[in-house]
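Listed below are the structures to be examined.
Heads up, the next two complexes both have chain A, just with different partners, chain B and then chain C.
Presenting the complex of A and B:
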């Protein structure tokens, strides 16, 4: 499982202030803590500052990478912020995200094509949100084809099936899960990624639902997740599922995480 | 999901004494509590008393059914105990279990055939424990064929793929999961069932591993599980997974369980 640490996001408590006040120490610690907990990428998102998003995102890129040797996930729908952030980034980042929406696709594609970066391709329809498995696979197919035409290899593409709340329609969970399976089958080499928290919107015990959804998504073939790696119950589920799916030889990673206090049962 | 409540088992703390001392109140309460928590069947097992197993099992059947209108799961490899227990049982119980081991098959088959009961068919080889998916499917196939030849309809059969510890071989989880999927595909109408706790034997944080395995097994098609329905974290996972797989219209069962305090997140 590829883990993208989601905590450096200005919509999260304390993070907006930390960015505005240039609180280097807090940002760096949040990045290091997530890396220590198992993150492979550190997401950076300054989306709550529409006017200064590019400036803030650049500061985040430079601040995090000054102390941590991990690739970042530049998380914005804003082409300028993505382009400027990429210029400050050491090595190739993950770009989150591109979609079929025409203006966005046109503006983000050259950024993605300019470097051997990875890219999240969002299964958002041109006019509406996807509902069924078929909707998602169709949009995913078009996105993957267009990206590959532009020279982006399959291995660089992470398709996000767009998770929608089961409280709105209880079939939304299985629609996203089915899409993960179909996309992994239809496009060899392409990866899948998603955030977890949308699925539980409007329901009680959200973290339980998110954890359970992670286990299911992994069994349907999910390659990567955007999550809080410092949530020890969530990481416990992730490591247990990886082990139960036979991907943790001698249960080494699970036992090591347990010994280091990185997971928790109850 | 069909839930078989596992708590009335003389190998569990306090239960041996309760049976020996004919502690009706404790046995009845343990049965009622499990029913309240969502059990569809109450397992009864007196296996720690090899000499008096039949007598004790009969007492358990009569005691539980005197206060609770649920079918029981008669849990014993001992044909005499199964046969005597069945005579005391109101309606048709679940018989747990039959296997291909020759003496056991011969002795248990007539008991199962004598009533419209359900039966757990254990994927135990004649000479050895199964290791691969194929081992399990092969044994399952032979068992299902033999049971159906004897007039037991598919709907009455629960195949147990036999869960083995991932600490012994990390492929054991995926072997059992794969067997669940293949058996559900190969034998239409037949159900699958398993216990959870073997999978985590020898590892820390066993309840976390068991819960994660339940989520995976459900996503691979498991029909029934033998578990502790009073474990609110386990039941939380079960209800969340059922909901995420689209089987809980309007999330009603999940929300109701939450409101009644039957599940817990953290």
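Presenting the complex of A and C:
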């Protein structure tokens, strides 16, 4: 499983202030903590600052990478912020995201084609949110085809099936899971990715729902997740499920995490 | 205990069948439809909103109650004389241009409707001039805007400017919301109100219109 640490996001409590006040120490610590907890990428998102998003995102890229040798996930729908952030990034970042909405696709495509990076392809429809498995697969198909046409190899593409809350439509969980399975089947080499928290919007005990969804999504073939790696119950679930799916030789990672006190029982 | 207590309780529980039969019962007994609406249905949705705000109930329960109320409305609506329904005010609502997210906006619409407001929902990807035109057409008291993306948030100040240019800004109250939208941002763009969720939106809209 590829883990993207989600904590550096200005919509999370305290993070907006940390970015505005250029609190380097807090940002660096949040990044290092996530890396130590097992993150493969550190997500950076300054989406609550529509006017200064690019400036803030660039500062986040430089601040995190000055202390940590990990690729970042540049998380923004804003082409300017993505392009500026990418220029300041060492190595190949993950660009989150491109989608089919006309302006956004045209604006983000040249950015992801301009230098080595990985790209998240979000299954948002042209005129509305997807509801069924078929909606998602159709959009995913078109995105993958267009990205590959632009010279981006399958291995660099992460399709996000777009997770919606089950509180509003109880079929949304299974629709996303079905889409993960169909997309993994339809495009060899392409990866799937999603966030976990949308699914539990509007419900109590969200972390319980999120980690149950993670387990299910992994069994449907999910390759990567955007999550809080500091959540030890969640990480415990992730490691246990990885092991149960036969991907942890000699159960090494699971046992090691237990011995180092990194996991707790759900 | 109000005289429509059984109906109120059925709506709070989201028991569509029971609520519908209770509504019919009151209608058949000759009750005033406006008072069924106010004291039975809207009173129930007020409680639902309160219970949601305090964390005692959750989104699916709120939706179920709203749906129950709609079913009851379908029964009593035809019984109002043309233009006879007293609403608390008229709200034009939509997700701003370039943005297709509608879950939060739909919840707000539903709760405002439940609270007794007349709603014109413009859907998603709504350009500023469409907000203005519709607000003018229906004589809106409130314009509500939702955005889920940093890049579409500027659609809010753009709409507020368009309302100002058309002379409507003084006549309507503007309320905004959506995941990346903050109270601070609402102030910066000169919106009149901000709400982080659907139940708060109802409270905020009432406050803006001076309804207790």
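Quick note on the criterion: the second predicted complex is superposed on the first by the 265 of 266 C-alpha atoms of A that agree within 3 Å, B and C clash if a C-alpha of one lies under 4 Å from a C-alpha of the other, contacts with A are read in each partner's own complex, and residues count from 1 in each chain.
By our rule, a residue touches a chain if its C-beta (ideal position, glycine included) is under 8 Å from a C-beta of that chain, and two chains touch if they have at least 3 such contacts.
Since we're looking at a predicted model, the values are computed, not measured.
Participant: Which partner chains sit in contact with A:251 here, chain B, chain C, both or neither? Use first/second/both/neither.
Facilitator: A:251 contacts chain B only, not chain C.
Participant: Kindly classify A:25 by the partners it touches after superposition: chain B alone (first), chain C alone (second), both, or neither?
Facilitator: After superposing on A, A:25 lies clear of both chain B and chain C.
Participant: Contact-wise, after the overlay, does A:233 reach chain B, chain C, both or neither (first, second, both, neither)?
Facilitator: first
Participant: Thinking of the overlay built on chain A, is A:243 touched by chain B (first), by chain C (second), by both, or by neither?
Facilitator: first
Participant: So which one touches more of the residues on chain A, chain B or chain C?
Facilitator: More residues of chain A are touched by B.
Participant: Pick one for A:219: touches chain B only (first), chain C only (second), both, or neither.
Facilitator: A:219 sits against chain B, while chain C stays out of touch.
Participant: For A:167, decide between first (touching chain B), second (touching chain C), both and neither.
Facilitator: both
Participant: Just to be sure I read the superposition right, which of the two partners does A:204 touch: chain B = first, chain C = second, or both, or neither?
Facilitator: Once the two structures are laid over each other on A, A:204 reaches both partners.
Participant: Could you tell me if A:78 is touching chain B, chain C, both of them or neither one (first, second, both, neither)?
Facilitator: After superposing on A, A:78 lies in contact with chain C but is clear of chain B.
Participant: What is the contact status of A:265 with respect to chain B (first) and chain C (second): first, second, both, or neither?
Facilitator: A:265: touches chain B, not chain C.
Participant: Overlap the chain B and chain C contact sets on chain A and report the shared residues.
Facilitator: 167, 170, 203-204
Participant: Enumerate the contact residues on chain C facing chain A in the complex.
Facilitator: Within the complex, chain C touches chain A at residues 58-60, 63, 98, 100-103, 106-107, 124-125, 149-154, 179-180, 182, 185.
Participant: Sort out for me which residues of chain A touch chain C in the complex.
Facilitator: 11, 16, 46-50, 53, 76-78, 81, 101, 103-104, 124-125, 127-129, 164-165, 167-168, 170, 201-204
Participant: Quick one: which bits of chain B touch chain A in the complex? Just the residue numbers, please.
Facilitator: 166-167, 170-171, 173-174, 177, 199, 203-209, 211-213, 215-216, 219-220, 233, 236-237, 240-241, 243-246, 248-251, 254-255, 258, 263-266
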